[in-house]
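To keep things simple, chains are lettered A, B and C as they appear, and every chain counts its residues starting from 1.
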Amino acid sequence: MNPSEYLRKLETTMLSDSLSHNLRLLDTIWNGSADLIVTKFCLGGISCAMLSCEGMVSSAMLSQMVLQPIHSIRQSFPDGDALLSHLSTHLILSADRKLLRNFAEISQSVSAGFVIFLADGASEALAAAVQGFLSRTITQPDGEQNIYGAKEGFTENLPTNLSLLRRRMKSPLLTMQMCTAGSVSRTSLCICYLQDRASKELVAAIRRRLEHLPLETILSSDYVRQFLEEDDCHLFHSVGTTERPDVLCSKLLEGRIAVLIDGTPFALVLPQLFWEMFQTLDDYNVPTAYATLIRLLKYAAFLAALLLPAVYLAIAVWHPELLNQTLLRILSDAEQNAPFSLAAELLGVLFMFEVVREAGIRLPKAVGGAVSIVGGLIIGDAAVNSGLVSTPVLTVAALSVTAGFVLPDLHSVMSLLRPILILAASACGLSGIAVLSVMVLLNLCAAEIYRFPVTAPFAPLKFSRLRDVFVRIGFRSLAQGNFHVSEVRQTHDTNHT
Amino acid sequence: MKRFLAVSAILCTIFLSGCTDIRHRKYADVLAIRTADSDTVSAMLRCDNDKDWISASPDTALLFQPALETAGGIQFSTGHLSLLILQGDSLSPVQQLLRDGWVAPNCPLLLCDPSEDIRSVGDEKLSDQQKAAVENGLLPEIGVGELVGNLESRTGMALLHYHSNNHFSLALHNGTTLLAVLSNDACRGAALLTDRWGDFGFSEISGGLTETILLDSCRIRFRIQQDSENRLIIRTIVRLSLRTGDPALAAQGATRMLQAFFRETATDFGADVCYLEEAARRCGITVPSAQQWREMLRNAAFEILIE
Amino acid sequence: MTRTTPEFSASELSAVLILCRLARFFCCETPYSTQYAAHMLLTGILQAILLIPVFLRKTPYAVPKLTMRILEGFSLVLAADTAADCYRLLTAADAPSPVLTMLLLFAAVFYAVSLPRPAIFRASVFLLAAAILAFALLPLGGLSSARILSLWTSPPAPQGLLSEWTESAELALIPMFAAAQPAASKKAAASWIGARCIALPAIVLFGTMQCGRLRTFHGNPFLLLLARVPLSDALRTDGLWLMLAVACALLACGFFLQSFCGCRLRAPIRRRTIGVSLLFALTILFIIYNVNGGILACAAIALTILQWYRPKEASA
């Protein structure tokens, strides 16, 4: 039986009045799992059992909010339902209490850190939240550093993440809808949006898609991201991620929808427009002119990272007349003794950079420094001194890779496209680069997510909304007429539904 | 997925069939083409940083590259040619080289005296000397494009730099014959007309004293009229901007140079090398056939007005 | 839910129409002269007059089926002609491996056609912005070397009046788009006329001032203009302009071919496109007069693979 069918069966299996029957069934469902703790006792003359998951509940909270109150019971109760009702209404101090009716709910609640009360003669169970599992503290996100912004980032705990959002957006308009996904993992997801700005139709569409995810487990946000995007063939993501609650709040204010996933610190934001990959929160913490300069620098860095090696190759091999004589002489002298073709050199150097980079990520921090030494000194310096690689090639490749570090979100695209552009340049020169660049541009322009073109507001052109794309205008102007992402959504032709 | 495979297959076919090694080539610095009487052509090439010349005798001027590459045993590129030297009467190789893109329109060129040995003349300094002469207003800036454009104009004559006995001047050429070598004053007058120099200095004698004149800029306009006998009256209105020197002496010197230029080109040969035809058209004068235009220029009266 | 109505904004349609004209402009071999600029302006005014019905129309209308078929067939010819012009430009500019570049162009054009229609329109906006930036920088290198008297140089032969009509033939396709979206098409047509009557003649006049009496160089006057106006002593830009020209030609071919295929937004390309594309390739080869067996073979392979292109339907 597959997990979905099993889950459906559990959902239809209701609690019975008999405590022993319920416990036997639970034992069967959990297969004698060692972390399920079953405590039997008698309360008010009725046999009861308390279920909890080891490591998921806080002993202190359990003691203070549950055990101490229930031990003050002196009276008797006619049946289990009455007992549970009394516990829920008068004794248990946990803020989050609910009644459970089937074994699926019980299993899920126990796994989520609830303590479950079963009573003989009761056809329902009482769940009380006393979570106390250990999780990572709130720290600065590694991947989205900022100089002037807050130093808090999301963690793997969904309620903590929701609290980070709620603290920054104390508005009742901020809506959080919970759902679960993953037929085995039953991971909790939360759809967050501002109800006066986000399209209800879009929220419903996203919810439908999340609820029908054909995944057994969700271990990271990218599992979900790929199903929210409309096409696998697009090079650029139309669903963004962020680790920062402040960034997420700014996106929600523009009418976007966020999906937070339990167990991963990356929130998904959709729709993501292409230009947002060049925006950081620091852009809004510095003077306008400097922010504009940095923004333009990023665009230039993107083009340099993508095109510099290919353009260098095309010019050096096919179009040397584009360079001035002095530069040409330097390059020509450097390449005279190189044993490999320029294309092979460039591809080899870029390959080595990727290898070193990947090694730097995977290695333990203790030996991470060795990667720098090996990569920089041994490979770079020795390769040049031995004449295997020429200095201009190494310089160009290093410039290109360094420029790529300015935009970590686009690293995968750049790493993929660089070698292809180099091959095109070696075959067809600058014309080949032009053709391939247009193909990449077409791929970008074809990307849409829920009828939001990724290239908006530049294409389709909304001139007034370009004020935060290539430049960053002053805050006084920016504050007048805030950008709502719904402005760029393509209209739907109802006649052709 | 199929689409990706299809596009990848096509791209791989294209790229892998076209991958090329870096071409070990040299970059030509100076190219010399010599045409002799019996239509034989010889070509010589000096590459950047080399002292030696590579020589060959192609069948036609356009075949210079394969001939020189065979003689030199190396590929070369003419994209950075700093000087094109010609020797001989015919300028047709230049027109062919330009049309087929072997030389850039801005490439400087030099006509050498037939008695000179190009190997000794065409050293590294020649190109720099020529640039310095242009920069100092001794010669106008003339590239291959300018030359070919004038040869294709109505009068079919053009000016080009001329080198003889270690001296630079201007030659008037009609494509097949060297017509005249201009005097120093005429050369400077031609340079004055183009206003593409850095420093234009000259000396004038006044009252037994030599005074140095330095010009900042020179703007020239032509006003052309026809008198009752259909004779052209070409007024050259010159606006000089002086850096140092007496304005009267500057005007005197400029007038002398321009008069020498017009006399030695338009009056003596009916040559239109400074866009007089265009100026006439702008002034509403109908330009007749080439022969008539040359006659009109020969008979034209030139007036120089200095502002 | 499938959208079947083509959607483009005025700016997108303007961009693609202007790029089509720009692509032909780069490839044109008419020498620059004042007369050519005047003919351009005159033709633009006449074309503006012809477009008056488009400007006056306010509501969508249906183009008769036969007219639509004729216009679609004309689009194929335009696509092939543009591709042939591009090949000529690559050959004239001594670009490396023109045949390989054309094969790559074919692959790119087929890819463009397989995408939903808005992709080409949106990409045109990007490319037009790049072109405007490039043309804004062009005079920087040429202001000092411009010679105003050159504007009165007589051209070697009467230039431009007939060729202007053939090179701005995308005019005939405007009614196709005006049928569905008259408001956007009006603005697009106005922008196209503006570019034709102001920007292009200005570039031609600038080129005339730069080139002086020189009229022939590689047969392509734009290359001559570039040769006369390097951006600086350190940097020549001919190769970079060639990139722009090839990119414009690619988008123009894609646009024309999509118009020929009668592609509606997100509708699957039918198998008749195989025959269509074969026709496209053969037309190019015929126009180029330079049938290369390799091109034909590779084009046939590409076309066979094309039948696997099936753009996905729009999701709800």
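Definition applied: a contact is a pair of C-beta atoms (placed from the backbone, for glycine too) under 8 Å apart; a residue touches a chain by one contact, two chains touch by 3 or more.
Since this is a predicted model, take the numbers as computed values, not measurements.
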Report task. Kindly indicate the chain pair that has more C-beta pairs in contact than all others. Result -> A-C
Query - Closest chain to the centre of mass proxy, which here is the mean CA position - result: C
**Report entry** Maximum centroid distance from subunit B, chain identifier (CA atoms)
**Finding:** A
Query raised in the report: In whole angstrom, what separates the CA-based centres of subunit A and subunit C?
Result: 42
**Report entry** Chain centre separation (subunit A, subunit B; CA means) in Å
**Finding:** 65
Query raised in the report: In whole angstrom, what separates the CA-based centres of subunit B and subunit C?
Result: 37
Report summary line: Residues in subunit A with touches to at least two other chains are numbered 317, 321, 424, 427-428
Query raised in the report: What are the residues of subunit C that contact at least two other chains?
Result: 97, 100, 104, 111
Query raised in the report: Using the touch rule from the top of the page, what residues of subunit B touch 2 or more other chains?
Result: 3, 11, 14, 17-18, 104
Report task. Mind listing the subunit C positions that touch subunit B in their complex? Result -> 94, 97, 100, 103-104, 107, 111, 114, 144-145, 147, 149-154, 211-218, 224, 227-228, 230, 298, 301-302, 305-306, 308-310
Query - Interface residues, subunit A side, partner subunit B - complex - result: 232-233, 316-317, 320-321, 325, 328-329, 332, 335-336, 338, 341-343, 420, 423-424, 426-428
Report summary line: Within their complex, subunit A touches subunit C through residues 205, 230-231, 314-315, 317-319, 321-324, 327, 424, 427-439, 441-446, 448, 453, 455, 458-461, 490-493, 495-497
**Report entry** Contact set on subunit B toward subunit A in their complex
**Finding:** 1, 3-4, 11, 14-25, 27, 48-49, 77, 79-80, 82, 104
Report summary line: subunit B contacts subunit C in the complex at 2-3, 6-7, 9-11, 13-14, 17-18, 98-101, 104-106, 145-146, 148-150, 152-154, 196, 222, 275, 277-279, 281-282, 287
